[in-house]
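These are the structures in question, set out in turn.
Two complexes, one shared chain (chain A), two partners (chain B, chain C).
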Partner chain A sequence: MRRAPLARKAALVAAELAVAAFVLVPFFWMVSVSLKPPDEPFAIPARLWPQDPTFENYIAAFRPEFRTYFLNSLVVSLTSVAITVGLALVAAYAFSRTKLLIVSGLLALVVLAQMFPHAAIIIPIYKMMRAGDLLNTYASLIIAYVSVTLPVAIWMLRGFLKGLPQSLEEAASIDGAGPFRVFREIVVPLARPGIIATAVYVLIVTWQEFLFALSFTSTRDMRTLPVGMNDFIGQYGIRYGELMASSVLISIPVVAVFYVLQRYFVAGITAGAVKG
Partner chain B sequence: MLRDRWMSFAFLAPAVLLLGVFLYYPMIGTVIESFYSTSFINPNPAFVGFKQYETVMGKAEFWQVLANSLVWTVCVVALQNVIGFFVAVLLNQALPAQGLVRAVVLLPWVLPGVVVAILWRFMYDPQLGLINSFLISAGLTTEGIAWLADKTTAMGAVILAAVWKGFPFSALIYLAALQSVDREQIEAATIDGAGALRRLRDVVLPAIRNVILVNVVLTTILTFNYFDIVWVLTRGGPQGATDIFPTKIYELGFGQFRFGEAATYGVASIGVLALVAALYVLAQRAGSRRRRPV
Partner chain C sequence: MATVTLNKLGKRFGALVALEALDLAIEDGEFLVLLGPSGCGKTTTMRMIAGLEEPTSGDILIDGTRVNGIHARDRDLAMVFQNYALYPHMTVGENIGYPLKVRGVDRAERLRKVEAAAAQVELSGLLLRRPAELSGGQRQRVALARAIVRTPRLFLMDEPLSNLDAKLRTVMRAELKHLQQSLGTTTIYVTHDQVEAMTLADRIVVLHEARIQQVGTPHEVYTRPANTFVAGFIGSPPMNLLAGEIRDGAFRHAAGTVPLAAAPRGEVVLGARPEDLALAAPADAHLTGTVFSSELLGDSTLVNVAIGDGLVAVKVGPDEGQRVGAAIGVRVAPAKTHLFAAEGGRRLETQP
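What follows is the complex of A and B.
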């Protein structure tokens, strides 16, 4: 039996509201506490919105260390995004256009590498970085981030390139363009939506990466935002107002990029996962 | 075009080389490391062979980490996928403000893991947390509960935080899969008198079976290897109640500089993961054999 349309509609809207509340209540609370003046007591029952909203916590949170961490995160993430997407695009092109057993074998190895637990392989990587005197440098983090994001990036871009028509490449090739020119002038422009989707993915992963950053950086001036945030917990104890303000500040860049480029990202990630 | 195979190899070389040096070589390195014993006091590696596995597996600690890892992975994967699936079904209906809700739902997944962990640490805080504040004002408890400091509640609390962050991704994938299901089939089933539940079971689920399987495997791997949320929320505590493989390995390796033991845990965790992956493959084979018409 089908329920009356109105009752059905009401049930659906109620479910929709429940989902929105589950997602939004913690988030809303984070923003609200970040705007509470430090002396406004945490009343019970908790007040969901501050009486006198203020940016005091933000000003306090934007201390010099925070600016250093922010800059470190920005340098490491953006460099990793550029290198990963570049290397992945070149490799994905070869993976999508070559029918050779050995190449299929290599692709299987790339897919397998996605499964490697970072915690399980971190000690040998740490030792390599130590031997190369790279601990506490941007390079150690960039190398690690490029390596761990490459497999998924290759997989996403390969899926995208496979869907592109090859007739243009063939035509250019017949007209005498070499493989590098074909790649640069035909493949790269056509692959733009896939490149954007992959770049957003790598940015989301590297912006929040924690394990490598925690293990490879020990000096304050080299830490990235996630590790710096973790230090704040100990240093400032219970000053949740500042912690929440820093949380909002470190989330803004990645949330903004995500929502601006959302349609590319959703199309890219679901194409890989749904069509395989 | 890449007519020439050497040209293909040239395009592949940089990425393959990097993966070889920084993922595959360390993978082998971990296995080798696990045969050596190192400690903070005695930093020169000494070969001990399989003895380290005996020592590690002889301790109750190891089995607790294994049990915790399995509970953690199974609960997070199951909840994340079930909630994600039903949210996707819901968002696939015609709803008011549908576009807005679809966008908002993704928010927890985009937030950095450390931010999510700090936020939930605050939610669970015995004095200041929203959850206890709500429970006290509803008269359900008189004193705040220390969710993360109590052995019986810590794992559940960490799982809830991880599900909150992870379910949007599953919902996103399932929503895309639902949108790709053939509408005519659903309409035909409706005309034949199938209710919503039967349509879901007999038309929709079989159509997106593979997407579900891939997503479950993917979230299993990611969850099993997850570090940030657990580390920032509890560091594996209280008394090891939430210690899973990644937190244990980090603590042994970088907290105590016992690289060899950490590597032994690492190899064990890879073994467990490989076993789980094999089980999925077997389950999938069995499933597709049953389904194949004779």
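What follows is the complex of A and C.
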């Protein structure tokens, strides 16, 4: 392979750094503000980095409510992940292995379903939740999250499953395995990277979701972390330091999960992108 | 052990005819090779016998019982795939033992059988490895071991050697033949490689364009090809085919004549294998041309002679190489020629 000329390489690196900086500035600002004492965010001229970094805001952010919100977020997110991935896996398998015309029609419907903006469907879903007496429960959020993440999850897993060689499933059925056994013992283990990628996607979406959580919960003990951040936005002022400290705390689990599993995530998104 | 009977078996994919009403009876313990170029319907035939594909017409009978619509797992057979289809998330031992595990064989029994099967294909030290850690030849052996670990009624093999390099292929071919003979299990083997077909088969079924061209022992198919397709497909290099006319007891071609007694009259295709031809001075040869190429193969030399607008391959001794461009003649042994109808290419019988 021919090596790129040095100048070109330097320009490329500079461009990459610029993009990275552009993307990271808000995060840097978030961390910076979270470390500033209460009066400093408004100091003029503004400082990029606090003069005396303090963990005051973090201590304040770790209120007793934080524990409740965190647990609520955890329950809602993990349950949504489990249900979405489970349903998506079965649906994606059917979509990837059936050639019937009606199936491609259904697949188009799935794609269509994820095109509605959340703001457009939130009121109908709210009404349904009220009719089902589910408002202010975990179930209301889990049902909403599953329904908004399922289409993309199906699409991701379908792409992944299509990439698996079908001869493995054929070999297993000749070896004596029935369809469910083939699915359980051959397809699911081989689809693991795709399953992980899909799970990470659902986790990221549900962990940070605000609109549904705000609309469907009414009492403090049912709030999730993103809604809980509202506490810092009062009628008479916004406590930026504590808000940003909470933001940092909320981001940590998702960043950690993504960091550990990023290779699966990239693989899952691109699988099936080049063929079929 | 099983017999397999195919009655008017056919398969269409939409407008495409993959297989046209195939009739075939496979005997118990037979090693049957389905041979043909890609797209001839051989793999489709095997997949229908396996239960991976449903026929669109006709019946499949295993041991006299119709198996159409019966799931692959209930047909009691084993298959070796072209890409081996090993389960990448299982060890070699688990791969080989999978058919037993699925059928509920208990652990101790399973271990014993896996070890026996592995020993039979010389894999014993590798049972704990994963398929990804094996060479192509070893993966091939795992696939074989998985097929023989149970005693199925039928082995199906879909081009099992085509992903191996030439040297390994020769070794595995011999092992496969030995294994099948010692087990005595009815085997159906798909290949496009006529050398594999010749060396392995009890009987060869030559398929082309969704139809059977010929069914016979390797000897029959080689010495009495049923038509020009089979003649041109079997043999390496294949049979020379020359279009010409028979008149006055001789085959007449632009490049010469070959005397043929008791031959039919009219337009024909004359076939002669490279080893049944000889080189001669142009003056006392049947056909004349110029040397196009001369290739030393080690035990023999293959001389291609440009005759008319085609090439005729002649197999001669290792030190009978020719200078390219030289004028040369080809002698034909009349008793070792084959005649085919000019129209349709069907074999014309000359000898009683």
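Here is the rule we go by: the second predicted complex is superposed on the first by the 240 of 276 C-alpha atoms of A that agree within 3 Å, B and C clash if a C-alpha of one lies under 4 Å from a C-alpha of the other, contacts with A are read in each partner's own complex, and residues count from 1 in each chain.
What we mean here is this: a contact is a pair of C-beta atoms (placed from the backbone, for glycine too) under 8 Å apart; a residue touches a chain by one contact, two chains touch by 3 or more.
Since the structure is predicted, the reported quantities are computational estimates derived from the model, not experimental observations.
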When chain B and chain C are modelled together on chain A, clash or fit:
fit
Who does A:D52 touch here: chain B (first), chain C (second), both, or neither?
neither
Let me test your reading of the model: by the given contact rule, A:M229 touches which partner, first (chain B), second (chain C), both or neither?
first
According to the stated criteria, A:R181 is in contact with first (chain B), second (chain C), both, or neither; which is it?
second
Identify the partner contact of A:E170: answer first if only chain B is touched, second if only chain C is, both if each is, neither if none is.
both
Dominant toucher of chain A (residue count), chain B or chain C
B
Please compute the chain B to chain A to chain C angle from C-alpha centroids in the superposed arrangement, rounded to the nearest 10 degrees.
100
Kindly classify A:L190 by the partners it touches after superposition: chain B alone (first), chain C alone (second), both, or neither?
second
Where chain B and chain C come nearest after superposition, their Cα distance in Å:
8
For chain A, what residues appear in both contact lists, the one with chain B and the one with chain C?
170, 173
For the chain C and chain A complex, residues of the former touching the latter:
50-52, 71-73, 75, 77-79, 81-83, 85, 87-89, 98-99, 102-103, 146, 156
Under the touch definition given earlier, write down the residues of chain A that touch chain C in their complex.
165, 167-168, 170-178, 181, 186, 189-190
Considering only the defined contacts, which chain B positions touch chain A in the complex?
1-5, 7-9, 11-12, 14-16, 18-19, 22-27, 29-30, 33, 87, 90-91, 93, 95-97, 101, 103-108, 110-115, 118-123, 125, 127-128, 130, 133-134, 136-137, 164, 168, 172-173, 176-177, 180, 195, 210-211, 214-215, 218, 221, 224-225, 227-228, 231-232, 245-246, 249-250, 253-254, 259, 262-263, 265-267, 269-270, 273, 277
Touch list for chain A against partner chain B, complex
1-2, 12-13, 15-16, 19-20, 22-27, 29-30, 33, 42, 44-46, 87-88, 90-91, 93-95, 97-98, 100, 103, 106, 109-110, 113-128, 143-144, 146-148, 150-151, 154, 166, 169-170, 173, 179, 182-183, 204, 207-208, 210-211, 214-215, 225-227, 229-230, 233, 238, 240, 243-244, 247, 250-251, 254-255, 258-259, 262, 266, 269-270, 273-274, 276
